[in-house]
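As structure tokens, the structure follows; a few thoughts come after it.
Labels run A, B, C, D, E and F following the written order; every chain starts at residue 1.
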Amino acid sequence: MKLIMAIIKPFKLDEVREALTPLGIQGMTVSEVKGFGRQKGQTEIYRGAEYEVNFLPKVKIELVVGNDQLERVVEAIKTSAHTGKIGDGKIFVSDIESAVRIRTGETGSEAL
Amino acid sequence: MGNAKKFFVTSAVSMAMFLSSAGMAFAEEAKLDSGDTAWMLTSTALVLMMTIPGLAMFYGGMVRKKNVLSMAMQNFATACLMTVLWMAIGYSLAFTDGGDLNAFVGGVDQAFLRGIGLNSLSGTIPESVFMTFQMTFAIITPALIIGSLVERMKFSAMLWFLGLWSLLVYAPIAHMVWGGGWLMGDGVQDFAGGTVVHINAGIAGLIAALMLGRRKGLGTQPMPPVNLAYTMIGAALLWVGWFGFNAGSALAANGTAGMAMAVTQIATGVAALAWMGIEWAVRGKPTLLGMSSGAVAGLVAITPAAGFVGMPGAFVIGLVAGLACFWTAVYMKPLLGYDDALDAFGVHAVGGTIGALLTGIFSAVILGGVGLSTHAGHSILVQLWIQAKGVGFTIVYDAIVTFIILKVLDWAMGLRVSEDDESEGLDIALHGEQLYE
Amino acid sequence: MGNAKKFFVTSAVSMAMFLSSAGMAFAEEAKLDSGDTAWMLTSTALVLMMTIPGLAMFYGGMVRKKNVLSMAMQNFATACLMTVLWMAIGYSLAFTDGGDLNAFVGGVDQAFLRGIGLNSLSGTIPESVFMTFQMTFAIITPALIIGSLVERMKFSAMLWFLGLWSLLVYAPIAHMVWGGGWLMGDGVQDFAGGTVVHINAGIAGLIAALMLGRRKGLGTQPMPPVNLAYTMIGAALLWVGWFGFNAGSALAANGTAGMAMAVTQIATGVAALAWMGIEWAVRGKPTLLGMSSGAVAGLVAITPAAGFVGMPGAFVIGLVAGLACFWTAVYMKPLLGYDDALDAFGVHAVGGTIGALLTGIFSAVILGGVGLSTHAGHSILVQLWIQAKGVGFTIVYDAIVTFIILKVLDWAMGLRVSEDDESEGLDIALHGEQLYE
Amino acid sequence: MGNAKKFFVTSAVSMAMFLSSAGMAFAEEAKLDSGDTAWMLTSTALVLMMTIPGLAMFYGGMVRKKNVLSMAMQNFATACLMTVLWMAIGYSLAFTDGGDLNAFVGGVDQAFLRGIGLNSLSGTIPESVFMTFQMTFAIITPALIIGSLVERMKFSAMLWFLGLWSLLVYAPIAHMVWGGGWLMGDGVQDFAGGTVVHINAGIAGLIAALMLGRRKGLGTQPMPPVNLAYTMIGAALLWVGWFGFNAGSALAANGTAGMAMAVTQIATGVAALAWMGIEWAVRGKPTLLGMSSGAVAGLVAITPAAGFVGMPGAFVIGLVAGLACFWTAVYMKPLLGYDDALDAFGVHAVGGTIGALLTGIFSAVILGGVGLSTHAGHSILVQLWIQAKGVGFTIVYDAIVTFIILKVLDWAMGLRVSEDDESEGLDIALHGEQLYE
Amino acid sequence: MKLIMAIIKPFKLDEVREALTPLGIQGMTVSEVKGFGRQKGQTEIYRGAEYEVNFLPKVKIELVVGNDQLERVVEAIKTSAHTGKIGDGKIFVSDIESAVRIRTGETGSEAL
Amino acid sequence: MKLIMAIIKPFKLDEVREALTPLGIQGMTVSEVKGFGRQKGQTEIYRGAEYEVNFLPKVKIELVVGNDQLERVVEAIKTSAHTGKIGDGKIFVSDIESAVRIRTGETGSEAL
């Protein structure tokens, strides 16, 4: 199994989710994060005191998939989260040793 | 100072008082009454509170987080802009004698509030107080329209739109109904602004929503309200402030004001329960947003009726408004597909129309009211017809002029923000601020 | 219209006025006074503001995020429901002549506000205003009870409970103390509602908390308040609105109203500092929640006394209330283990009792007050005994009837939500909404 | 009771009334007017609302999340503390005859409000109301200073500072300008507190900001405001409450109150638009915080002028205040580097000075005002010089005494929290609470 | 060392923490996340416009443990987070190469 | 590539970021988390009912770097996040198999 961690633009979340459904992805976990990168932050103005916000709101998707699904899922995320503008985000893949479904105790890819 | 105006004003908004002056110190020659003045000073503060922070919170809580400050900003800026425009010319257009055009609009004699001094009276209160009280109405009416424009209109275009609208639509309609124009002469009963304020704002909102188009993602993306506690605070402050709006429209601290307050309270309670109840029945859960919306619907509907109807009228008006506005906002809107985001039309135009028509019925003495307009024949049907004429004229005039203003602005500067700005949210895109990090 | 009622009302709540009518325009024959009317219209708006948004925010900020909208909803719905019930029958039960039963409850002559017209007066103000002002009291009293019911009561059961309670407990007690019943005849001094409002609500809250049982997880799970800024706003709006509550209970804009406002302000400031100070001393840190609670304790305690005591009374009442309510809420409650979540009992019943008893002392002229009840003998001890009787009767009657209502409802529909709904939170489970995502 | 005081008070704050008593029931022999009393009761409630929750929200929304409760706490505690101090001695120092020292400060005759009873009058209203109304001014003035102390001052030191300041600075200045002292004798026009309230608070804030030093991390770390909706609510409630502040300073419900309300509304709208406009022009985006700040700047600047100037004065004062306060807060502050976090100086001292000086010009009849002070010669230049003297004296006296108080407290207990407490935030460190988890 | 990442129902957090204490677990890191899975979201109703919330509030626990502890910890989480109802969540395990305690500079399992 | 996951004190975030810039780090992802550890929570007081907050606010930094940079980055975080007081936090390192930049489709260390 692999953990896919994707950092994307927040308003792309729904599109990504829709792109994953046909692949049979039945679960994922999402968090709100702040991203620091090449994309320039917006400038905020408080009582005239401008300051640049270096951290931009992003959404992090964590998704564990079977090895066989990996490629298709990464591809789907890449396509659906793409705008072509700076700040689109990244997809990172790492290894997962084991998984358990708490409700049933199933393990391995049964648990996904 | 033209007494004509004072006479018109007084007779229009507190017709009822004349019928019940027994036991009251009636101002035969104009004389300041400190009690009436105290109440009108208070009412003015209450009505201002309705817009800021009331409406800003009510509307603000319902939009997405990325647009909440823009919503507050639009309300606040409207309050400031209308203050200046009303001083400059609006008051004069609404409440002075318009000479040849008097049937439709007032004159420019009191532009920049010329002639309002320490001793100017309007009825039993200082004219400065009457002018400021009316100013708070001229503020909230365009502010109500904002509910239809949310999350997508340019801030600059909005200022131009509401500014022009207040001079070209609000002031003339106010003149026609309250300031001595033809609808007033006809005997239209509009105690605190069913046509002038609510139908007027609601129709303009509908037109604007249609011309702006729907928000990006509507229907496909969830658009959760940023904070429903804000909406609840807003609804509550609207309710409290509405006492100034309705009971203040008696322009005195008397029995009419008292009845206006009592019926306002009752219609609002009934409407809120009605919306909550029907929602509970047909959708399974009673919601705070529903109950708040119902309360506002009740407040809107009782507005034209407040000084004219008794308890039976209050009850029926509240009930009908709660149910009908629920139906419009929840069933009709999705059906027709216009994006009147916060239901300026669904609540204000619909509620205002219900109130305006039912006023023509429940102001009859036989139904517990203070009596039909003396200008009209004595039958309910005649009064109902007069009311319908007032409603109809307002709708048509308002719709046409609003359409023209927006067309011109669209051509001149564009009405809508760019797609990117809409995605990012107006708070950051237009104002460089966000609610919180 | 029955003058008896008007006489009773006036004499009960503004006894003081009679003793100090020098220099005031005293209404020998009933005549509307625009100044008094202006103040009572304002007071009505202020007292409504206490419940929504005041109490809704004060209570709402203290619960967990998952229950904050349900809290607001309960306050809002109570405001609407009581409006309708008060109109239908509550007002009549409280303030009309009850014939044979008059010692305990009024009659049904003014059900549906029969007979309240444009010209009906109550003292120097329109009866419509008196009725609406009293309505806001009939709204906030059951709303106070909500503080004991939070995070676990069914919405439907709550509506039934508070509705029945308002008719079976509130209206009769209001009649006995203010509307011409036996406690009034006895000479109980309760200016703005120490027994009628606060003890009444607090005891009902305690009984309800005991019968509902403790919230799941209490003591083992942390239950952090959702937002203490909401609580602060709520406390502040309660304070501001309480001017209408206390000074409005003079039913006129006169010296009694002025004194009531001054002592309200002083007792509140003292009580807030007292709670903050003792907390700082014994627990190391002064808290905003503590100071806000202290302010409310002071407001509660000065309520029965407001129009009767002078500065010394205000000071002592504030001090005692701040310390005693701190002790009840912070030490006694955990000791006894009842789950009166937001301290409706600890603040309102305790504070109300302190105020009611101390009124019997500090209304003595020698202690700066306006004089003991004229019905009573002239010694402080006698008055204290009368006050204690009022307190005691209210407690016993209220406790018994509340118990019965809740037993019946428990049997008929169940009082408490399911465990799952409690875990999920009432906002989603009962209302399908959440504060924010 | 000393009539002198009443005379002084009345003549100082409502000079205008004398010039325009035509058609008003003028109290030749002191007699309570229920309308005036109604308005003053209302005004008192409105001005209290300005501090809590108004100022607490306005300031609270602008600090970082970790300090928002401490901000609210400081406002709330100030309200309570000033209530007690004003009752104990402040009122007496400000508004009684000071004998030999009368030019500078009042006496102690009315310490603990001795002599204020049910029948005491102050002009046409109960003295209890006058005292409580003035108390709300004595509350908000020190509360304004808090804007300069935020996020770093010890809670205990703050209480001592503001407590001493209210007795050593506020009460004497109030006496000099309003209570019969030398500035009043000189003919200084300060309708509702340009010098007494705003310059006074702003200068004390500047001194305190300088002595406390800058917040840790200022300029290097971003310090985002916790919630700008809070700030908007606060600004709106300040605006609404300011009607009580300014129109209430007429001490009556009359033409002066009406004009004061009208010019307050106009100056505020203009100032808010001015700040928004200049910000839009030079920085590219109009902000809600800017517009709110502009509104407050306008409210501040019109305060000394409210009862004296007409529409032209209101317009110019609003315009100048909006632009000048923008410049101070946005350009001058960073330049000079003092950390007046929330611009108590930049808005209140600067706005107050502008208003005080322009009052000396625009109160001239020829410019639409009610007339220059009768004590002075008839030229604008003379009045301007008198105004400048008032401003100058207040600045110097205030700066010196504030400096001394803070030096002493610094030596006695230290002014600033530890670095760790500042990092952690005052909410947890000093109060053991946080806004939300 | 292993990283245990558990997605659980929010109200189970305290129970899980209590279950871990006896095992000598001295640290963990918790975040609020939104979960998308088999469990149907609640329906929210705004002005009558119902919409289904697909993302449910969950809590993510991240916990680095020594290899020897792995099994017991996973077992403890599984038991304490269990309700048997859909949406109970998952436990994922992956490998951690190194750990540092910032305060002391200790590394490896000393750092936990 | 390696994933560095650092849990630090919130007010140290800006310092850490400044320490990383000179190393050429161009991106990272930050989230607000709650930490449970040796550091005692603050005591919060509600209506006198004190309760100890076991979970303290922390900031989690996730940062994917090339293997060559690993050491220097860990060192920089360790130094800049250090206060020496309990609760300073941890740095965990694990392996990342692949990375994709959504905007360009670049993969591997190009994607960072």
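By definition in this document, contacts are C-beta pairs under 8 Å (C-beta built on N, C-alpha and C of every residue); 3 or more make two chains touch, one makes a residue touch a chain.
Everything numeric in this text was worked out from a predicted model, so none of it was measured.
K.L.:
Moving only from a chain to one it touches, give the least number of moves from subunit C to subunit F.
P.N.:
1
K.L.:
Which chains are in contact with both subunit D and subunit F?
P.N.:
Looking at subunit F and subunit D together, the chains touching each of them are A, C.
K.L.:
Quick one: compare the interface residues of subunit B with those of subunit C and tell me same or different, with half as the dividing line.
P.N.:
Comparing the two copies, subunit B and subunit C contact each other through largely different residue numbers, since under half are shared.
K.L.:
Using the touch rule from the top, work out which pair, C-E or A-D, shares more C-beta pairs.
P.N.:
Higher contact count goes to A-D.
K.L.:
Measuring centre to centre with CA averages, how many angstrom lie between subunit A and subunit E?
P.N.:
Here subunit A and subunit E have centroids separated by 18 Å.
K.L.:
Report the inter-centroid distance (CA atoms only) between subunit D and subunit E in whole Å.
P.N.:
53
K.L.:
Indicate the whole-number Å distance between the mean C-alpha point of subunit A and the mean C-alpha point of subunit B.
P.N.:
Using C-alpha averages as centres, the distance is 46 Å.
K.L.:
Which subunit F residues touch at least two other chains?
P.N.:
If we look for residues of subunit F contacting two or more partner chains, we find 31, 44-46, 50, 94-95.
K.L.:
So which bits of subunit B are touching at least two other chains?
P.N.:
Those would be 33-36, 38-39, 42, 224-225, 227, 233, 253, 285, 287, 289, 431-434.
K.L.:
Touching pairs of chains, which are they?
P.N.:
Result of the pairwise touch check is A-B, A-D, A-E, A-F, B-C, B-D, B-E, C-D, C-E, C-F, D-F, E-F.
K.L.:
Going by the contact rule at the top, pick out the subunit D residues touching subunit F in the complex.
P.N.:
220-221, 423-424, 428, 431-434
K.L.:
Which residues of subunit E touch subunit A in their complex?
P.N.:
2, 5-8, 31-38, 54-55, 58, 60, 74, 77-78, 81-95
K.L.:
Taking the complex as given, what residues does subunit B use to touch subunit E?
P.N.:
For this pair, the touching residues of subunit B are 62, 222, 224-225, 279, 283, 285, 287, 289-290, 293, 326, 329-331, 334, 343.
K.L.:
Taking the complex as given, what residues does subunit E use to touch subunit C?
P.N.:
11, 14, 42-46, 50
K.L.:
Which part of subunit F faces subunit C closely enough to touch in the complex?
P.N.:
Residues of subunit F touching subunit C: 44-51, 53.
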